[in-house]
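Labels for the chains are A, B, C and D, by order of writing; each one numbers its residues from 1.
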Amino acid sequence: MKKLINDPKAVVDESVEGFGLAHADLVTVYPDPKYIVRKDAPVAGKVGLVSGGGSGHEPLHGGYVGMGMLDAAVPGAVFTSPTPDQILPATLAVNSGAGVVHIVKNYTGDVLNFETAAELAQAEGVEVRTVLVNDDVAVQDSLYTAGRRGVGGTVLVEKIAGAAAERGDSLDAVAAIGDRVNQNVRSMGVALSACTVPHAGVPSFELEDNEIEIGIGIHGEPGRHKIPMEPADGITDRLLDPVVSDLGLAPGEKVLLFVNGMGGTPLSELYIVYRRAAQRLADQGVTVARSLVGNYITSLEMQGCSITVLRLDEEMTGLWDAPVHTAALRWGV
Amino acid sequence: MKKLINDPKAVVDESVEGFGLAHADLVTVYPDPKYIVRKDAPVAGKVGLVSGGGSGHEPLHGGYVGMGMLDAAVPGAVFTSPTPDQILPATLAVNSGAGVVHIVKNYTGDVLNFETAAELAQAEGVEVRTVLVNDDVAVQDSLYTAGRRGVGGTVLVEKIAGAAAERGDSLDAVAAIGDRVNQNVRSMGVALSACTVPHAGVPSFELEDNEIEIGIGIHGEPGRHKIPMEPADGITDRLLDPVVSDLGLAPGEKVLLFVNGMGGTPLSELYIVYRRAAQRLADQGVTVARSLVGNYITSLEMQGCSITVLRLDEEMTGLWDAPVHTAALRWGV
Amino acid sequence: MGLDVDWAVRWLTLSAEAMAEHRVELIELDRPIGDSDHGENMDRGFKAVMDKLAEAPPETAGAALKLTAMTLMSKVGGAAGPLYGTAFLRAATALGDAADIDAATLAAALQAARDGIVARGKAESGDKTMVDAWTPAVDASAAAAGEGDVRKVLAAAADAAEAGAVSTDPMLARKGRASYLGERSIGHRDPGAVSSALILRAAVGAAE
Amino acid sequence: MGLDVDWAVRWLTLSAEAMAEHRVELIELDRPIGDSDHGENMDRGFKAVMDKLAEAPPETAGAALKLTAMTLMSKVGGAAGPLYGTAFLRAATALGDAADIDAATLAAALQAARDGIVARGKAESGDKTMVDAWTPAVDASAAAAGEGDVRKVLAAAADAAEAGAVSTDPMLARKGRASYLGERSIGHRDPGAVSSALILRAAVGAAE
């Protein structure tokens, strides 16, 4: 394991500190308990948006704190959800009186810790709504499992709900648009290599030289199944097709196509995947109206990518286009 | 070698095609000979800016085509400079009559091919100036070598010269500000792992499990020397100190600090490096007035980073802050 | 003679030692079917518990467990943090401010802990979670409680929890991160069940 | 009897074959002291030359070399593209539209090629570049030209180029990408010198 770190135990502390130094115009970083707050929070009259989760997915979530997106991000240890004693003060810090929305990826740890924090915040008089993101079609959804994971769709939920909050939507309205994005977004990912959690020191799963893992999550968990390595176009189809069919996309519909890198894959390869996915959607009569290509929700240095498709309506499109000013996503300002 | 590609020979074609599909609002891609042009080029009365070089450094240069930065980018094969038959039409396409500046990284191949293209363009009546970028302090500059390489500083030259062109500066003025940035910028990089050129199929150099390579360029070339792996703070010092001393930075000066990922390193690690570099500069009385952290000039999937420091004056700061709208760098619009 | 606050502090101390000692093993168990952090999380959490105990020595066993609950909840994160937090909180409530804990109270506290885990995590027996260590432990301790010997109650719980952890090997996971793997979760031991058995074994050691 | 357009086309064809055959070797040579693309670049370039020759068969050796120059310049990229492009262009100019090339003209063409490389790349002998293959080749061919046998001129050039390529092993690079390595460039053979020797050897084969 070779990493640009000092001490596995200090990775999150030092990284978040560096983030705060680099983006002091956008955010304030609280070191202990650790959370990241939009510089001008709480914004009077605005619903607060808080997200969080294990670290190791950068720029998620800290990179999305700022005007038009999140009001606070709560980073846990690497791949470990944050704790209520972090989530609670973050929630209080961004509450202007209009209430707070928690955007939570559907993992047992995240759900339980945000649940506790929401109860505690409510006990202190803050109204909290939770938007649960569970867009990963690699996981068979079932009443008898932990359910689908939250992956790439999270970025889109945070952007669009963030824009709704920024324009002054009510607590319920912001939560509703977040849910609507979640209902209309699906993702699936592939790993060409595993990643190494700093404190573990060894890769999170094993892959032979010519094997890839289809259906991985974002925590270095193994995926649905291993297959022999194949050309990018074939891999793209394996990711895109279940996403499209699960969404039930029909010809004539408009989508946002998001090709995401897992952290260790060159941008040039993501564009090769984008090319195939865009062509395939076009062949199916689906219009790619917006797109996003890059490393936006990662698994440390894992090589691989995920494909996310969001069915757009006019309101979501407008909210996607609305100005945003964060460390990792910025336009219109 | 596991890569999200179809055919090593088609990597650049397909990647650039995907790039064009994803950013059709910003650029037009010409496939053969291959070059990428700003959608609204030539912009009347504006000096045209053209850069280019081998592929594999994405988002450089295609990702910087757009308002406020480059008018055209010319991608060669992976790590191979483009040819005059690409550079010439790109130059002609962005010439509005105000002349064209070539921004060229100092590698023999780039220099020779751009030189030929500039001659050909001049023969067709287009005035061309060349800004040579050679900011890599890892290379001992000498009359008897190919001289310093152009690395991270290139991004800053392109942004600042691009802003000067956008505000209407003359051909000579744009070239002059480009040269001024180059004179005030220095970089140095480290590799934790080598990268694999698709058509070569094997890593470009060998590193033991606990070795790193100090002073690498951006082409998978080996660097100045190998050293045993060490903590991020120590590595940061090894990169920053030669940069600072070569620049001759004095207390009270203002700089832009740019921590760049080589493509395979998580953003979280870049912030750990940024933290140390920012602290060390502060200790020396140098003010970090602007910063940039991320994967902006890469070597495929190489793990590692480079540190670039630009001595800022008021004009350069203003031009850095000026609006830019490209696929990889965007603000103010 | 029952159990007191000294036993509780010894229990937590031995638990912390066990987490440190088995840190790598628990990380390794969490690797094939999880995300390689369980040992790290538990070790970090119990180290924090040790700090808290040193800062403000508790007066009762119940207070010691409550402090543990709050610390685990705020330091562990992940799924295990809230689950263990709830378990220790419910156990603390069951103990109240008893200075001397008898076998029946002890068994009731263990049951309360298990019920807390189930209430939070909604896992059933056979879902391949820590519940598969706790439920047999609670059943065995209830049976042993009749004899009135707290040491026997603890030993029965620890023995059953260890067997319960082993029993997760062939299970198909239906809760937590391992459930994403479906069939591929079979053949691996659940890390949370193992850490649960270690903690219950520490309780035995503390009473020796 | 001198050399004609058929010889030139055979030369380019054998060169293309040599680049394809030695593609991996040239990539491997470019790996330790360069960027692993020389074999790829040369192979791509000479394949394109073959296409061009098939499209529009040249009438003179000079025309064949000029077409080669333009194609290499537009298809190879990197340092080698403009350098070989200039070399073939200068050689083509030296040949003019001669239908029958004698030994003196041939030697002059080789010298023009070398001078073109030096004019573009500004490398001197001993800088560990293709110049270290070309300069001994030019010297040897000039010496052999006196005998008036074009085959001997070509053979002398190829022999000297091969020896010249080997002579780059101990050199410290002062030009091109290898120069960044300083002392670490010592002990490796220059890929451009090797491809130069291959091309000159192909010229011999074409005249057999």
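A few comments on the model shown:
In this section, a contact is a pair of C-beta atoms (placed from the backbone, for glycine too) under 8 Å apart; a residue touches a chain by one contact, two chains touch by 3 or more.
This one's a predicted model, so the numbers in the text were calculated from it and none came from an experiment.
The chains in contact with chain C and with chain D alike: there are none.
Farthest from chain A in terms of Cα centroid separation is D.
Rounded to whole angstrom, the centroid-to-centroid distance between chain B and chain D, based on C-alpha atoms, equals 32 Å. One inter-chain figure worth recording: chain A and chain D are separated by 54 Å, centre to centre, where each centre is the mean of the chain's CA atoms.
If you average the Cα atoms of chain A and of chain B, the two centres end up 29 Å apart. Counting partners per residue, chain D has no residue that reaches two or more other chains.
Across the assembly, chain A contributes no residue that touches 2 or more other chains.
Chain-to-chain contact here is organised linearly: an open path runs through the chains from one end to the other.
Listed by label, the pairs of touching chains are A-B, A-C, B-D. By the touch criterion given at the top, residues 2-7, 11-12, 14-19, 21-22, 55-56, 58-59, 63, 192-193, 209-210, 212, 229, 231-233, 235, 263-276, 278-279, 288, 291, 293, 295, 298, 300-301, 303-305, 330-333 of chain A touch chain B in their complex.
Those residues of chain B lying in contact with chain D across their complex are 33, 54, 76-85, 107-109, 112-113, 115-116, 138-140, 144-146, 149, 197, 199-200, 202, 204-205, 217, 219-222, 224-225. Per the touch definition, chain D reaches chain B in the complex via residues 27, 31-37, 40-41, 44, 73-83, 120-121, 173-177, 179-182, 184.
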